[in-house]
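Read the structure below first, then the notes.
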Amino acid sequence: MLQIINHGNVRELRLARPPVNALNPELVERLILTLRESAGECGAVVLSGREGLFSAGLDVVELMQLDRDGMKVFWRAFFELQETIACSPIPVVAAITGHAPAGGAVMCLMCDYRVMSDGDYRIGLNESQVGLIIPPVLQNAMVRLVGPRIGEQMLVAGATVDSQQALKIGLVDALEPAYDKTISHAIEWCQKLLSLPQHSVLGNRAIARAHFKQEFAENTDADIASFVDGWFSDETQVVINSLIARLKAK
Amino acid sequence: MLQIINHGNVRELRLARPPVNALNPELVERLILTLRESAGECGAVVLSGREGLFSAGLDVVELMQLDRDGMKVFWRAFFELQETIACSPIPVVAAITGHAPAGGAVMCLMCDYRVMSDGDYRIGLNESQVGLIIPPVLQNAMVRLVGPRIGEQMLVAGATVDSQQALKIGLVDALEPAYDKTISHAIEWCQKLLSLPQHSVLGNRAIARAHFKQEFAENTDADIASFVDGWFSDETQVVINSLIARLKAK
Amino acid sequence: MLQIINHGNVRELRLARPPVNALNPELVERLILTLRESAGECGAVVLSGREGLFSAGLDVVELMQLDRDGMKVFWRAFFELQETIACSPIPVVAAITGHAPAGGAVMCLMCDYRVMSDGDYRIGLNESQVGLIIPPVLQNAMVRLVGPRIGEQMLVAGATVDSQQALKIGLVDALEPAYDKTISHAIEWCQKLLSLPQHSVLGNRAIARAHFKQEFAENTDADIASFVDGWFSDETQVVINSLIARLKAK
C-alpha cells in the first residue's frame, strides 16, 4: 500500500495500492502516520507513485459504502493528511510519476516542490466534473501556485492539464522524461536543501508556509461539514454513481 | 441602450448606447436590473459592445452635471453594478469587442472570463491620467488578474495596453481576430461550463469568488465617500473639465 | 557614503560606501533621513549603487561587534528603512547597477520599480545560506513580486538569480546594458510618472501600497525580537563567523 524507500537522508514514500493508488481510509491513515514518523527520522520526504500514475484520487467505490459518520471521519482524515504535508516540519516533494487528478493533485499542491514525468499525463482538480465542491483551503492551495485567474477558471471547470501545460502555468515546477529521473530529480532537490544550514532553511520555510497552518485551523470544521453535506446530496450521488458505473464498465 | 440577445441558454447583453457606450446612471441601472433578472432566466451571461469599442467608461459629460448627492447615488450604483457582476450567481463573460478603458475595463475585471478582439484596441484603468482615484476593491480586482507588481505599476501610471499585451499579462484570457468570433468564443465558453454538473460548477465558483462579496461588504461605504470627495476636489475637476474640452473639440 | 545627485525633480541617492556598499548602522540611518527629507524636496527618488554592485547587504563584520541591545537598535532601523521606502509618499525606484544580494535585494523589493544592469550580476534573498531567517513582512515583499510558488522556493533555498532570470520571474522590471543607462532608465521612469496629475498618481499609489503600512505596523516588534534571537543563536553565529572568515581570506 505504501512503500518506504530510504535514499540516505531522504525518504521516498511510494504509493503502491493497485490498481490506481486510490485514497481510501486506510491509505490516508497510513500516509499521515508515516509522514509524522518520517519527520523525526529523515531530512526530507518524496511522495511518488507508479510509472504512469501518481494517484487517481479518492477511492469513490469504497467511500460510497460509508454512512454519514464514516464519511465525516474520512474527510477529516483527508484534511489532516493535507495539513500534515503542508505543515510538515521537513520538506515534502512530489514526484508526480504520471496522472494526478483530484485528490492525487491535492497532495501535490501541498508539497514544497513538484517534478512531473513528461508525457500525456493529466493533473488538476477535476472535482467540478464529478459533482464535488472543493473547500476553500484546498482551492487556495491551487491559487497559490497558478494565481487567482487561472486557478478560478480551472477549479470552476474542473479542468486538468497535461505535463507541459502544468509546467507552463506553474502547477508543477519541473518535468523529467522518465519515471526514474522523476524520482531522482525529487531526491536531488531535497539533498540540495539538506546541504544548507538547516535552522535557517527550516525557519524561512516555516514562515513561508505559516498561512497553511492558519487556514487549516480556521476552516476545517465548517469545510468538513459542507463537504459531507454535498457528498450526500442527491445531485452528487447521481454523478458519483454514474462515474462508478463508467469505471466498472471498463 | 442595452440589447438582449438570447443564444440558447446563454444571454448576451450588448452595450448599445452611441456613440461610445458610456456609462451614465441610466445604463448602469439598466445593467444591474438586467443582470439580476438574467440570473433566474438563463445559465450564463455575455457582456459585449459594438465592433471596435466595448465601453469608453464613465459618461463624464453627463456626470459633471450631477451635484454631490447625485454623484453619491451614481457611484453607489456603479459599485453595485460591479458587485452584481462579480457576485453573480451565474457566470458572466466579457466579450471585449474593442477599446475598454477605465469603467469599461472595470466591468471586465469582474467577469469570469475575458475574450478580446485582437487589434489596436486599448484596455486598462487609466484613471490616474484623468485625475481619478480607484478604490481598493476595484484595484484588487485588477491585481487579482495581473498580480501585484504589474497591477500596481499599471494602476499608478494609469496605463492601458493593447490586446496582445493584455493577453500576455493575463488581463484578458484569449484573443479572437474578428467581432463575431469574439462574441461566439464567449458564448461557447459559457456553453462548455453549462454542460457540466451545475451544482458543483456553481459551488466551486461561489468559493473562488467569495472574497469579492467580503470586499464589497467591507469597503463600499468608505470607498464611495472617498471617491465623491475626490471627484469634487479642485484638482480633479480641472483635469476632467480639460478632458471634456478635448472630447468636445474632436 | 551616500551621494545626492539631483536630476531636475528626480533625486538620485547613490550608495557610495566602499568597498561593497554594505549596510551598517550609519548608512541605514543616513538613508532613512535622506529619504524623509527628499519626500518634501523632490518628486521621486532613485536608489543606485556603483558599477557592478548595488549593495552587498548587511555589514556583517561591523554588526558582529554589536551586543544584543545594539543589534536590536540596528535591526529596528533596518526595518524602518524598508518601511520608509515602501511607504514613501513619493515613488522610489531601484537602479540596480550590479549585484544585489540579501539586504541589498530587500531594499529593491520595497521600491516602485526596478531596473537592473544586464550581466552576470546576482540578486536574491540568500539569507537561508548564511543562517539568517527572513521576517514575514520582508518575505511577503518578495512574494508580492514573484508569486508565492517561486517566492517560497527562492526564500527557503536562499537562491539568487542573474539579471536575465530576475527579469523573467518579475524580480526586476527591466534590464539595461550599461551602468549609465540603468540610472537614466530609472530617472526617465520617474519623469514619466511626474508628468501625470500627481494627486491621482499618488492617491492610486497610496492605495496600492496600503498593505505595506499595515504589515509593518502589525509585525515589526515580534519580527525584531525573533531576528535578534536568531542572530545570537549558536548556529547562526557559527555560519556568520565562517562567512566572515571567508570574506577576510579573499
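Just so it is clear, A, B and C label the chains in written order, and each chain counts residues from 1 on its own.
Going forward, a contact is a pair of C-beta atoms (placed from the backbone, for glycine too) under 8 Å apart; a residue touches a chain by one contact, two chains touch by 3 or more.
Note that the coordinates shown come from a computational prediction; the quantities given were computed from them, not determined experimentally.
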item	value
Rotation angle superposing subunit A onto its copy subunit B by C-alpha atoms, nearest 5 degrees	120
Interface residue identity across copies subunit A, subunit C - same or different by half	different
Distance between chain centroids, defined by C-alpha means - subunit A, subunit C (Å)	36
Residues of subunit B engaged with two or more neighbouring chains	147
Interfacial residue positions of subunit B with respect to subunit A in the complex	91, 112-113, 144-145, 147, 170, 173, 192-193, 196-197, 199-201, 203-205, 207-210
Residue numbers on subunit A that touch subunit B, as the complex places them	127-136, 139, 143, 147-153, 155-158, 230, 233, 235-236, 239
